[in-house]
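The following pair of complexes shares a single chain, subunit A, combined with subunit B in the former and subunit C in the latter.
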Partner chain A sequence: MNEPLLAVDDLSLAYGEVPALQHVSLSVGRGESLVIVGESGSGKSSLGLAVMRLLPRTARITSGAIRFRGRDGAMTELAAADAASLQRLRGKEIGMIFQEPMTSLNPVYRIGEQIFEALRTHEVLPRAAARERAMALLAHLGVPEAARRMEAFPHELSGGLRQRVMIAIALVCNPSLLIADEPTTALDVTIQAQILELLKRLCRERGMALLFITHHFGVAREVAQRILVLYAGRVVEVGPAAAVIARPLHPYTRALLQSVPRLGTNKNQTILPAIGGAVPDSAHLPPGCAFAPRCPAFVPGLCDREPPPLSAFGTERSVRCFRAWELAA
Partner chain B sequence: MLDYLAGRFGQLLLVLFGVSVVVFVTMHRLPGDVATLLLGDRATVASLARLRHQLGLDQPVIVQYWRFLAGALSGDFGTSLRDNRPAFGEVLGAFPVTLELTLSALLLAIAIGVPLGVVAALKEGTWIDTAITTPTLFGVSMPVFWLGLMALLLFSEKLGWLPVGGIMPIGIHMARPTGLSIVDAALSGRAALVWQAVLHLILPAATLATIPLALITRITRGEMLASMHLEYVRTARAKGLPEGRVIRAHILRNALIPVWTVIGLQLGLLLSGAVLTETIFSLPGLGRLMVDAILARDYPVVQAGAVFVATVFVLVNLGVDLCYAVLDPRIRRR
Partner chain C sequence: MSGRLLEVANLSVRFPVRSGLFRRPMFLQAVSGVSFHLDAGEILGLVGESGSGKTTIGQCALRLTEPSEGRVLFRSQDVFLLSRGPLGEFRRAAQPIFQDPAGSLDPRMRVGDIIGEPLVIHRLAASRAALKERVAALMEEVGLATALAQRLPHQLSGGQRQRVGIARALACDPVLLVADEPVSALDVSIAAQVINLLIAAQRRRNLAMIVIAHDLATVGYAADRVMVLYLGRVMEIAPAREIFAGPRHPYTQALIAAIPEPETGLAGGRMLLEGELPSPLSPPSGCVFRTRCRYAEPACAEAVPPSRELTPGHFAACRRAEESIVQAGGGGRA
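Right after this comes the complex of A and B.
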């Protein structure tokens, strides 16, 4: 594989004394889409924010590196970068969209102004040209009557349109990486499908890499080339999307996949299987595997002694489970 | 929009009617009447009755109110019982003094309070924050008359830097077409007069500014802190905006909407007359005029003043509400 665009290496971060991510490593190649799947509290949003260095003040990166290959070929270590170099990359080379399109746009500015602002921060160009480009992008993103919407305020648009505006803001400078943190969670199912379709198309057209964060495997399978499953701040499984979905290695991944309703299957099944228990408190993780208390394949004496290591499974996959081989057999 | 304005003007009429009734009734229920006050010790029963008849005070209250209302609708509030000048004219003459004092105090409070609030919020929890917020607590709880007197003692009496009171040095006369001393001084074309006008305004304006200044600082700080962690601020940072622009265009811009409410309320309050400040600094403003008129049972002036103040208050509130629409597009109407 060519050199990755984004390489997160052994990243740990904590809110005060409570760890949110522990020794997370991942890489995203140019034009590749990696989906991070995890429940609330798994640390998936913190991961996205860490790459942008937009973590709240209480969060602290305790170890590791986040390397990003810029358009000029230079490598920036984001975890240690100063404010000026972060500002140069944010919005220009790395775009980000968020879960809540309702609150992620500033209510007092017109849509057009909010898109220009991103463009004019990074590029020197006349107002008319900026306007033209913002409008063309909105139209391209499927916003009807783009010229009129430019003059609208956020509250005058529907959730789906607002998310398209957020995408326009993130994409207006042609970033090489887009981080999408649950971008469809707050939307209706039909709008959700449209936005996912749109994101896939944009990545294809622009050769843009995608770091997509979701709690929903159904969404993940729509956009992912590779999937990374996060549990209690640790990577439990990573691999090509098709393989992970067809043959999950970690019991947690399997349980997550089973909890996704699918049309046409299990006609006689009326109750969707849910994972028992809850994500453990990050401040008090069990001594062994973090998933052990909820795991159907739990073996006393094996799983509750020390955390299993993340081990390679074949050439493209990794899994953090003592019993993965035995269970896969 | 027109419907809205028409509705607001309808409201204004109702408020004015209410104010006129309340003021009229209150004034007439107060013990002691103007005839007694005017004639003083030498009053006889006969002369009192004659004067009351002259002033129409022997008529039933409802008739007196009707006369007042009829006059008021044609802009005539009667003449002052003290010096026979038109009551409304006295009110209009006093208003510019109050207006000038209010505007300078409020501008001072905004110019200092907003930046202080911003700095306190940005430095939340540090000694800078404490150094700013602690005095504001004194600011809101400081009695104005005491503060004014102390300022007078220090800056006028001890240091001799600033004049003791009034709007111009004694003996200086200038034409007062607008009644605003700085504007009039500027119109007279004499720089020395402008300087004098400013000097005379500094202490009263600073005194009057303390409470609004403290309020504005506290509200700005609180609103800044509240909007700092909102998601659109994160979006702004995600765009790669420089921190200064994030603070100005996204945090402060939105935080100022509630600050504007405080400013609007203070404007209305201060315009109805800063009685204490005007009294301490011997300024012939609306507040002092009203207090003097009430003490002298000078009904026409009190009534004219009350109606005028109510009108100003309602109009200022309307103006504040219209400004909201500019500040916050969410409440803009079609």
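Right after this comes the complex of A and C.
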């Protein structure tokens, strides 16, 4: 971890005048998995897109740096990189998969062509060899009858198979970092379990780092070594996955964890502790802590003046709350 | 709990589809031989993955989809045979709540008019003033500020829109609600508010409810009884706490094992289901789950296993339901 693969430093991002991310810093080590947890409007998808520099034209990076260490050991500043150097990294050293594979795959090309298109963009390889590699990868990813599926069009596959094809496209060049934005949200739960197992196995086998984006703490726990919680564009908590879930430091993390029904709980035994109110509008954030209006630990005069800083809590954790120490005691 | 409100008997729904080279007409069997009942004041949860038939069953219960076979009895009357007058009364008494409130609310109507419209249609408001008063009371019941009555749906947040959908469903004092994925389009922190709101309204008004969702934990939390569906057939029905503590059907066990919990992650790789859902155009013979079942044996292909009552109120459609619980080491996670 002394030499991170990806280091995001003080990144701020806005759509027009509306801030999406404010002073976000994070790092992902080689082979490490970091999960970003957040609700809609938290900026979690913008963060993934910023690393890939796939943001829409209306988005502006207003401060900060995104540094990525390439296979050759050189650091690239992605936030300022030109099209040619981005092209060299995207798909080759950084892969990305999305929530809905149907909209990411090209409906008029066969599966096989879409996989070796990714491969041949980055490597000089005879067609037959590219085909061979694509097919071997599909088989390795648990696609039955890989040879036949290579000839299929995306609409002929189930959601789970389509997501495996997306993973194949992302991994065919052996990237050292995979960004996965809610890759299992559109899938059925038994298929989700398969895909999560697959991603974990691939990270292990290839020493690949994972930046995984989700709204679901259960999914986060399954793949994460560390968890980073975003709220209204700011990091509110970072730490080792087990610790964040067992002993959340930020009142938002705690409230969000409690508001999800657990298997086997029932209304006749417990009341679901819901969080009141709604996520604030990014264009009109409250002056102090963004969670203050919904926070059970809110203190007037303390939490509503200025945003609390993100402060270290022990050696491995950070939290953005004035009262974290008092509440943890 | 006072008496049987809804009785669904041997319900089957087939949809004609055309596919393949010669556009051969085929039938998609969405629901096969489903039977269940619902008592007044009871919440029944329907869970299953895509293609399980859960939405179609909910639509049949509201007489929004015509079954190919079977009956839906509401207060002992077949809802598909109701004449005009009693049908109007059924439409008032049985109300839907939809998944996506943005898609189910008229974008050009104001919130107050959306909530009041059922009262106008069923002529339940004596005057304009009475209507306004009723709408205000409904908005208060679902936690919406009355000032929002003048807003249009797009001016509301997702959680507020779902509250409008619930207020509209409650407007005519129904006795049955069918909520199809009522919280799956909402943010995590908003979903809990809406679940609590539905349960509070259900208790206050002693409503019967069918809650349909793919999320077993949410359904298990809200429901009194849970029905697990796979490829259009009922795999298991049991009281909510028993479904988690002692699931008897191998599919229910696998479904529970596939849910990642924040504290523990997935229960264990060995229970993971392999393969994909078979096509509903050509479901497997015998038990529809046998192609993915770790306990399947040749006999499972021969006949559809009947639903058997294993303990009072706990039914499972599996030939080996007694054995599976031993082999799965209890199977439950609660």
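In the analysis below, the second predicted complex is superposed on the first by the 320 of 329 C-alpha atoms of A that agree within 3 Å, B and C clash if a C-alpha of one lies under 4 Å from a C-alpha of the other, contacts with A are read in each partner's own complex, and residues count from 1 in each chain.
To be clear about the criterion, a residue touches a chain if its C-beta (ideal position, glycine included) is under 8 Å from a C-beta of that chain, and two chains touch if they have at least 3 such contacts.
Here the structure is a predicted model, which is why all the values come from computation and not from measurement.
Peer 1: Looking at A:Arg90, would you say it contacts subunit B, subunit C, both, or neither? Reply first, second, both or neither.
Peer 2: After superposition on chain A, A:Arg90 lies in contact with subunit B alone.
Peer 1: Which partner does A:Gln225 contact after superposing on A: first (subunit B), second (subunit C), both, neither?
Peer 2: Neither: A:Gln225 stays clear of subunit B and subunit C.
Peer 1: If you count the residues of subunit A that each partner touches, which comes out higher, subunit B or subunit C?
Peer 2: Comparing touch counts on subunit A for subunit B and subunit C gives C.
Peer 1: Which partner chains sit in contact with A:Gln194 here, subunit B, subunit C, both or neither? Use first/second/both/neither.
Peer 2: Touch partner of A:Gln194: subunit C, not subunit B.
Peer 1: Contacts for A:Ser12 in the overlay, against subunit B (first) and subunit C (second): which applies, first, second, both or neither?
Peer 2: A:Ser12: touches no partner chain.
Peer 1: Mind working out whether A:Ser63 is in touch with subunit B, subunit C, both or neither, as first, second, both or neither?
Peer 2: neither
Peer 1: With both complexes overlaid on chain A, does A:Asn174 touch subunit B (first), subunit C (second), both or neither?
Peer 2: A:Asn174 sits against neither subunit B nor subunit C.
Peer 1: Which partner does A:Ser311 reach: the first (subunit B), the second (subunit C), both, or neither?
Peer 2: neither
Peer 1: First (subunit B), second (subunit C), both or neither: which does A:Thr76 touch?
Peer 2: neither
Peer 1: Go through the superposed model and pick first if A:Val260 touches only subunit B, second if only subunit C, both, or neither.
Peer 2: second
Peer 1: Given the complex with subunit C, which residues does subunit A contribute to the contact?
Peer 2: Touching subunit C from subunit A are residues 39-40, 144, 158-161, 188-194, 196-197, 215-222, 245-246, 255-257, 259-268, 271-276, 278-279, 294.
Peer 1: Sort out for me which residues of subunit A touch subunit B in the complex.
Peer 2: Listed in rising order, the residues of subunit A that touch subunit B are 52, 54, 56, 83, 86-92, 95-96, 98, 100, 103-108, 117-118, 121-122, 153, 155, 166, 169-170.
Peer 1: Residues of subunit B touching subunit A in their complex?
Peer 2: Residues 229-232, 234-243, 245, 249-250, 253-254, 257, 327-330.
Peer 1: Can you tell me which positions in subunit C touch subunit A when the two form their complex?
Peer 2: Going through subunit C, the ones touching subunit A are 49-50, 157, 159-160, 187-193, 195-196, 199, 214-218, 220-222, 224, 240-241, 244-245, 254-266, 269, 272-277, 332-334.
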